[in-house]
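Each structure below is given as structure tokens.
What follows is a pair of complexes built around chain A, which joins chain B in one and chain C in the other.
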Partner chain A sequence: MKMLSAIWDNLKGLYSLLVGMCITGRYFFQPLKTVHFPRDVVEPENLASYRGPLELARGKTDESKTRCISCQMCAKGCPGNCITVVKSKEGKNPVTWLYDFTLCCLCGACVEVCPTAAIQFSHRLYLVSTSREALVLDLLKDLEERVAAGPLPAAGAGTPDAKKPEARMPDAGGPQKAAGGSAAPDPEG
Partner chain B sequence: MSNFSFLNPFGVLDEPGTYMGDFYSNNFARKAQAGNVILNLGPQHPSTHGVLRVVVEMYGEYVVRSEPVLGYLHRSHEKMAEHKTAYGFLPNMGRVDYLNAIGWNWAYAGACEQLAGIECPERAEYLRVIAAELNRISSHLVWWGAFVLDLGAFTPILYAFDDRELICDILQRVTGSRLTMNYFRFGGVGADGDDLFFSKIRDFIPNMRERLKMYKALVTDNVILRRRLEGIGPMDADLCVRYGATGPLLRAAGVPRDVRRSIPYGIYDRFDYEIPVAETNDNFGRYWVRLQEISESLKIVEQAVAQIPPGKHIVDKAPKPSWKLPPGESVFSVEGARGEITVHVISDGGKSPYRVKLRAPGFSNLSVFAEAAEGTILADAIAILGSLDLVIPEIDR
Partner chain C sequence: MELSKISVLSLVELVVACLLVIALMVANAIVMVYAERKGAGFIQRRPGPYEVGPWGILQPVADSMKLLAKQLFVPANVDFLLYFLAPVLAFLPVLLLFLPIPFGPYLTALKVPDGVVLILAFAGFGLLANLLAGYSSNNKYGILGAGRAVAQGVAYEIPMILALLAVVFQTGSMNLSDIAEAQGSAPWRWNFLCQPLAFFIYLVTLVAETNRAPFDLPEGESELTAGFHTEYSGMGFALFFLSEYANMLLVSFVCATFFLGGYKGPILDGFWWTFIKAYAVMAFIVWIRWTFPRVRFDQLLNINWKWLLPLSILNLWITAVIIKLV
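Up next, the complex of A and B:
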């Protein structure tokens, strides 16, 4: 009796082993699901809702002008104190808009609180640096560069709730360049 | 130092007190019997899920005594709360327990809302339930993969992460992040779900049900797994109650306690779901309860997505970042993936809360380990540790 049950046990074990092998074998022949990062990147649709470091939205009339009115709401509301906005002497527009990405927890308080919708999350996934200083971003300069690089493809994409990613996906050499370089904002497009 | 010898590098105790180690192991070794070995599991060992360290006294292959050593991941979240505004502490909640960010979001937002008397719009309540249940599923999936990995099977964790990625995609749609989600606001949620969000969930539910069948065939019915789990690591209801262990641990001991049922919060009373309870009171019971909870959560999500009403996702005049909590105190509990999460907020009406106490379920669950692992062999002790579903950042806070 004891021997019979031992044999039965072994058969059961063998069966569950076979079931496992079958399942693993089936998945072995299915297409690859992972993205092999440096050679391949995540498709842009997936990044549309991803919160990357902040960027300034394009102005309504003059695209290279920020909508920011230096009201300091974002700087006061930020739990990480990562925003520095300095108002210009002449008008409302800021002369400096510094953003320390090392301190930012991407909580969204600044984006929600801004009365003019001047800030939005970018979808930059590949921003890396070896120094802290390089991650303190000058967003005014960044805005100028982005506008200089070309207009947005879709209308209304400058608002924070727009789901269209800007042309941020690096081409074949993109990620490596961003990873290796010390310059903080990664190359456009 | 002088007692160290290369013939005896692991500190076999010829006489108590001769072990060469740090403060914790020396202190622990003082009570050890001569001839027993003191072994450090962790803090860098992969099977301890993060930086948990457990000092064990071994008699041959058997665990005589054990003691968890904590604090390697302490980030003083509670102290941070005293220096930030109530709103500014919200993002911290996603970081306390990285696998169950939404549960903590809810506990803190709930405590503050209770104190200030803020009511959520209907739609926000539904969105909260959807996010919390999806997050529970993803947390259980990671636990499932890691637990089976502890037991020596590598493949299942890859399947678990495959499914979890889909949940991350869904939650990223509304929260913007994949791990440290900061979704809840006082009086609602951060963003409304769009059509893509809901259609992704509708696709995900049948997909996940199919996968659960596969999980059952691949892992749950596997004889090796059964032998490793069944009858191992008994933790009866009395033990769980003494240490304050909650969640799947308590339910696997036959106590049907789930905060969603016993102290209903949000709109959980509107859904039809069951609280899985196992009577077997062993590792397999805890395994079974968690897998069952995945399918119950799927049921809740399905109903919530079908019933969600149109409307606003956050109240008008929702608190701003500079908002001050009214004076008073409030306690709010939610059922997290690991057990009962309780947040106790005390405010004196100042800029920041006066004190925020976070009750992490993992901490109480871990304290059961020393007693449960007593007298088991080391490999079973690892299985018991895995079945507790520990997330170290939550324990250390």
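Up next, the complex of A and C:
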């Protein structure tokens, strides 16, 4: 009896091998899933679930302002010490909000801990640089630029122009400028 | 006088055949490097080699250039003679094994009456090369890989021989041309339908004998770095690589001859049929490599000793009984 069940099990195992081969055989003929980066970019709908570098969320009442109240919770909670928030003299809002992407492990602790939900993950995929300094991002400036670009691209910056990789690069401004503006290498070159 | 003329002629023939076989082995390795990587890519739904030449077609050239340019690094405390002998020993027997294969009705390098015995006898040499490579390189991964290679090779050789023997019983000849000839032109008379169990057992053992995934334990890179050829670089590694693909090609040709009708086809018998069939088997080997995960070592030996060996003996026995009765 035991032997019969062992034989039956093995036959079932053989069948599962066949199923596996059917799957890979089918995949062989199906279109590719990967994107050939410099010549091609990811479709915006595939970016929706991508957790890229941080960005500041827009204010609830005033869309052009940040929600950050400079409480320093994120800076304290960050395991990588990536965040520098400097409070302004007049009010609660920050004057500097620097984020060192080279140290960030995208753990999300800062997003969790923020009392005003001022931080969120962006969908920025094409963040490339040849220097370290260029990846220290000035998020306040980034927010300003997004505000200037348009009213409300709800799910993160730059989603409308996801087709153009250049538009997703960190712009040569703010701290990047000091680094020689090498933040956005020509993807074709 | 007459005799010496004949022997000189046959010697020239043999040399030409050897050169052609070497050319075939190298061409096969170049084609298979590309085909395998492309196949892996498509199965995983990515493009595979893409940047070198159109569709990455020059990738094997770039790879071999890289291998040629690499430094031949010899680690300390190797067994010098064996260390250099092992890759050569892996490469040369394969060369010999191609000679009795009937590629076409007239295209056989060495017409020997007992081609099956020749192939089975010298197939073990590759194993010896793996063992020597692992042993001589004085490396723990190497010696582990070598041990696995021997345990696996010795185990899987037995059902392989028994499966082939069933076909030999059926044909009543050990001559590979006879075996191909006996199957006839019609695909439904080929041996994979007359001997389905032997065909299946042979398919499993050929993957194990060539150390390919899912039976690639001697070189399982996640456990043993590269197994028996961990310490080989540059051309030594290239020779192992070449002989691995040549071994694959060889077992595919044997499979085509024994089970798939050899050079016989529905129309126009000829060497093209052997090549088409052999490369179909190669494609199958690549396909299963990228489908199945590697088995554990005890599973590997269990498959062999508990399933393949009894099944192949049973198959041989049934074949003998049927032959006696019919």
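The rule is short, and it goes like this: the second predicted complex is superposed on the first by the 120 of 189 C-alpha atoms of A that agree within 3 Å, B and C clash if a C-alpha of one lies under 4 Å from a C-alpha of the other, contacts with A are read in each partner's own complex, and residues count from 1 in each chain.
Here is the rule we use: a residue touches a chain if its C-beta (ideal position, glycine included) is under 8 Å from a C-beta of that chain, and two chains touch if they have at least 3 such contacts.
A quick note: this is a predicted structure, and the numbers were derived from the prediction, not measured.
Colleague: Of chain B and chain C, which one touches more residues of chain A?
Modeller: B
Colleague: Mind working out whether A:20 is in touch with chain B, chain C, both or neither, as first, second, both or neither?
Modeller: In the superposed model, A:20 contacts both chain B and chain C.
Colleague: Answer with first, second, both or neither: which of chain B and chain C does A:103 touch in the superposed model?
Modeller: Once the two structures are laid over each other on A, A:103 reaches no partner at all.
Colleague: Should A:71 be classified as contacting the first partner (chain B), the second (chain C), both, or neither?
Modeller: A:71 contacts neither chain B nor chain C.
Colleague: Mind working out whether A:33 is in touch with chain B, chain C, both or neither, as first, second, both or neither?
Modeller: both
Colleague: Taking the superposition as given, does A:79 touch the first partner, chain B, the second, chain C, both, or neither?
Modeller: Once the two structures are laid over each other on A, A:79 reaches chain B alone.
Colleague: Per the definitions at the top, what is the overlap between the chain A residues touching chain B and those touching chain C?
Modeller: Comparing the two interfaces on chain A, one with chain B and one with chain C, the shared residues are 17, 20, 23-24, 27, 33.
Colleague: Touching chain B in the complex: which residues of chain A?
Modeller: 9, 12-13, 16-17, 19-20, 23-24, 27, 33, 46, 49-51, 76-79, 105-109, 112-113, 121, 163
Colleague: Taking the touch rule as given, give the residues of chain A at its contact with chain C in the complex, in rising order.
Modeller: 10, 17, 20-21, 23-25, 27-34, 36
Colleague: Using the touch rule from the top, collect the residues of chain C that touch chain A in their complex.
Modeller: Where chain C meets chain A, its residues are 39, 42-47, 50, 287-288, 290-292, 307.
Colleague: Quick check: in the complex, which residue numbers of chain B touch chain A?
Modeller: Per the stated touch rule, the residues are 84-85, 87-91, 95, 155, 159, 162, 165, 169, 172-174, 176-178, 180, 182, 190, 194, 214, 217-218, 221-224, 320-322.
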